[in-house]
Amino acid sequence: MNAILTIENYAKTFCLHERNKLIPSASHVNLSVYPGKLTALIGPTGAGKSSVLKGVYRTYLPSAGRMLFRTAAGEVVDLAQADEHRMLELRKSEIGFVTQFLHCLPRKSALDVVAEPLFARGVPTEEARGRAADLLAQLAVPSHLWNVPPATFSGGEKQRVNLARGLIAQPRLLLLDEPTASLDPATTERVVAHLETLKGSGIAMLAIFHHPDLVRRLADSVIELSPPVAIVEPEKEIA
Amino acid sequence: MNANYELPLEDAGYSFGFLDEYAKKEVRRCILKAISIPGYQTPYASREMPMGRGFGTGGLQLTLSLIGEDDTLKVIDQGSDDSVNAVNLRQFVQLTCPGVEVTEKTQEATLIQSRHRIPEKQLTEQQILVLQVPYPDALVVVEPSEARRKVMHGEADYSRLLVKLYEDVVRFDEITISHRYPTRINGHYVIDPSPIPRWDVPRLHQSPALVLLGAGREKKIYAVPPYTLAEPLVFDDIAFRVEDFRDANGKRIACRCCGSTVSFLDELIDDAGNVTHQCSDSAYCEEEQETISARKQA
Amino acid sequence: MSYVAIKGGKAAIDGAASASEYLRSKGSLDEPLTLAMIEEQLRLLTSRVVSEGGLYHPRLAALALKQFQGDTLEAAFALRAYRSTKPRLLESPVQDTANMRCIRRISSAFKEVPGGQYLGATYDYALRLLQLDLANEDPAAFKAVAKSFLRDTPETELPDNFPKVIDSLRAEGLLPPVAPSRAAAFDITRDPLVFPVPRSAALATMARAETGGLLAMAYSNMRGYGDVHPTVAELRVGYLPVMLPHPVTGELMEAGEVLVTECEVVAMYEGTNGDELPTFTLGYGACFGHNEVKAISMAILDRALQKGMQDGPTNPSEDPEFVLLHVDGVDSMGFASHYKMPHYVTFQSDMDRLRTTQQKMQQKESEATT
Amino acid sequence: MSNKILSVRGLSRIHGEQCPLCIASTGPEHDTNICPHCGSVVAAHDVNFDLYRGEILGIIGESGSGKSSTVKTLYFDEAPTAGSATFYDGGAQHDMFALNAAQQRSMRNKRFGMVYQNPHLGLNFQISAGGNIAERLLMSDLKHYGEIRTRAGDLLVRTEVARARMDQNPKTFSGGMQQRVQIAKALATQPPLLFLDEVTTGLDLSVQAAILDLILEIQHELGTAMIVVTHDLGVIRLLAGRTLVMKHGRVIESGLTDQILEDPQHAYTQRLVASAL
């Protein structure tokens, strides 16, 4: 089977100009992600797990390596080099990212926050809201909250809205950064079930979980990262 | 200063048409330009005339530049041949243009200079109407800078003028412009047609007579050539309306002298405080009266 | 009077003319004013009229003042209308005011200037106390004034002309060199002002401007609606020989002389272009006759307008349209007067609009209350 | 490229006389945009970007960075010193700075919209809110009073200004409402490209959020491409997909907005982001 994402020798180093410091966050990362499979990243804090996800999403500009993504059209794109407009296009239609934090406009209802990725793809408003409602119900967000802006929600409620928003568009590649971090066991169970369904439908996933249990249950392959070696002598020309 | 200096008193005689010939030629050149670009305000070097700026010096320069010994001139102000300013201007032309005939009858005139009115009687291709203009630019109400107005005219950008009409309708349910109604000539330039009442605006449209407008103080000449479009600026769904001369019962008020119900009326208050109405065009009114008395005699 | 809405115009005009003439001659005196009296004894009044009338003819100015009973606006107007009947026969070359035979010449920029300061005739330092003995002046005493002045004034060798103060500033590099004039001067009696206009058009317009109007505009700049902050480099009053080409030989010859007031103000420097050194800037004013306030006002406005033409106006006095279209006495007084003319037709039209609007509003209100 | 709406290349705006040293002696590395040799102000130099249909591009920087100058030249408020901009509109492409003044005004009136920080620049305070919108409709040759009323009213309702306030003068409105009227006016001709210059600066936080929300909704509904100029990272974060960072007249960095915020490359941007956190 063809990998949807192949990472070759990814490395990320931050250059803090102010303090004249180079801070490595990941290095020598190699992995592949396949349709319908979940690749889990494990390793101690500081090993660069999030760095890999952000590199794939291009929230970080990779310092080295290639990230070959196979598009729906069968084209292979190096996400490390892709044009910004191309990246925006892929984010809209093929690559989803569920982070731990919810960024959204303060007065938008939970339903519209979740439905937004569908709006962006041109799904009619009512249909998009319907699908958002289904998903929120599945994730046990009480229906009286659906028309309220999530700003006032509890941490767990926010996280579920965030998840729903990340999952709704069913991208071909889903990046998950501790998606169940602040959820109670019952809700975690619902999320896991849903992720299994998505996997079953062929979605490829690259994920970080804070619980080894979840890795065992969901991962088809596991990549262990170790912290990169600290750079003692800052090299100015590295950006 | 030379104490022995004597004034050359014989110098008081004036050449035909008061202005020197170079000046008249320049005015005629500007008239030709104005006719060629209907509605465009052609700048010209307006000369000082021996009457006040605002008293018709622009119209007078047009008249004096055009008039020849075989012309017949009619001068009116407020529709009347005998109003002070009309008399004054006519006397001046008579003084400086020997041989020129003057008349009060609209149909006899080859050249008509007027302030604030167009004669009621339909003008002909053989006639030129000269209108005196205090403010030549319809855009001045929305834009004080002449340089910017010139650009707006060039691009036929009259949206700000239309916004003014829009605001009028919003506030008053009516367009409140009473006279000097902005009028679009030949589909491009919007002119200030001089302070004629709205009543007279439709008569600019496809007029057989050449209409020339002269602003002396503002130094502009513009024209509505014969048989040219002249359309008051309005919205598609709000009609242009002329002055309404109906009484409280909706009946058209008649002139108290000639009984006409189709002319523009002056409203008069007599010593007893009663309001009566009379034709603003005095020559028209007299002719109507003559027709009536002739009919009576017959 | 019963209604004569618009009849009887001719009689009214004739009557108005004789009534004005009556007021001119009524009173206690048997003698009419002579033109020489006006021209000589009211010389500053005559100066205003020749300058605002744009025609250097002091005797006709005196006549106009007599005819219009001292109204400078009307008198200047009459000179202008007279001028309209005259063709322009030729254009003079540029006249060099360094050739001026000065009767007064001062600089407030320097204590001493080449050629010296000549205070001449001025009221600047006079106490404005009414000189009551002039009320009944004895003709003999009147004659004696001039005689004793001439007797008591030592005969000194006054130079024929004085160097210009700004020439020394130029020589020092404090003022930019004279820009070679590129185009012929703009003749405002032949061409209308179509904005933007060249500086020469602005200068010509201001030279004919009404003194009070020009002063008001300049004063707004001095007070703070502007920032020219001028220093009078030189103010001179005197007789300028008018040089005209001989009709046959073309050689320049003196055709006469005109009394002129000229003022040059120096203002602070502004940002410079490239590697040129910064210099002061110059404002120029000049008019016919002896009228110092007008020449100074004009010089300040010239500087303000040059700034406005270059950088865009930030004050009314820097806006060429605003200044040049509102300072002409003949234009402005004519238009103010024209409001006295009948406006029956337009007012009828106004009433029609107001009544219709009132009706509509009343209708709306009554609909709202029912 | 069919998706492109605006393409800007080598755009420069220099105030004052220029000398050959202007460019070499200004910019972030010289910590100034004023040429020390001739005093010219290099307000913006060598700005390049492409804008796609429906995209929101952020331009962030302090005052004097050149962000407003860039937008002013594109909106024809100022003429550029150099560079080109191509506007792709319904199959046609226009070399914007080669158009004559009348064509530029027409493009600005009919195809662009602008919302200024200062409502006095965007609105005529002598006339009603509806009249302000009517002006733009009249510029694009709609001359039917009734239809103008309906359209203007609908636009105000869409931007959450009560229809009942349509005939009132905007000077009686709150700051937030004035911005809504400006947005309604800018949208009157349904332009494919909208410029927003510090539109929320100076407004209360809650009002800011509501305006930003409105802008996003409009972008979703109408697919209007926007260039958002701001000094506020929060505005960029919420609105813009891509961002240019400007300083002393130069674009010092550009990228996807989340990348600019989380992985800024330039020292200045790092400082900017650090100080906002």
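Some points to look at:
Residue numbering begins at 1 within each chain, and the chains themselves are lettered A, B, C and D in the order written.
Keep this in mind: contacts are C-beta pairs under 8 Å (C-beta built on N, C-alpha and C of every residue); 3 or more make two chains touch, one makes a residue touch a chain.
This structure is a prediction, so every number in the text was calculated from the model and none was measured.
Counting only chains that touch, the fewest steps needed to get from subunit A to subunit B is 2. Put simply, the chain closest to the centre of the protein, by Cα centroids, is D.
No other two chains have as many C-beta pairs in contact as B-C.
Taking each chain's centre as the average of its CA atoms, subunit B and subunit C sit 33 Å apart. One finds 48 Å separating the Cα centroids of subunit B and subunit D.
Taking each chain's centre as the mean of its C-alpha atoms, subunit A lies 81 Å from subunit C. Across the assembly, subunit A contributes no residue in contact with two or more other chains.
Against subunit B, in their complex, subunit D makes its touches with residues 101-102, 105-106, 124, 127-128, 130-131, 134-136, 138-139, 143-148, 167. Against subunit C, in their complex, subunit B makes its touches with residues 1, 3, 5, 7, 14-15, 18-23, 26, 43-50, 52-55, 57, 77-80, 82-88, 91, 116-117, 134, 145-147, 172-174, 176-180, 195-199, 217, 219-220, 243-244, 264-268, 270-271, 278, 280, 282. Across the interface of their complex, subunit D is touched by residues 151, 154-155, 157, 159-160, 162-163, 166-167, 169-171, 235-238 of subunit B. Note for the complex: subunit C touches subunit B at residues 2-3, 5-10, 12-13, 35-36, 39-40, 58-60, 63, 77-78, 80-81, 83-88, 188-196, 321, 325, 330-339, 341-346, 348-353, 356-357, 360-361, 364. The part of subunit A that touches subunit D in the complex is made up of residues 14-18, 54, 57-61, 84-85, 87-88, 103, 105-108, 119-120, 239.
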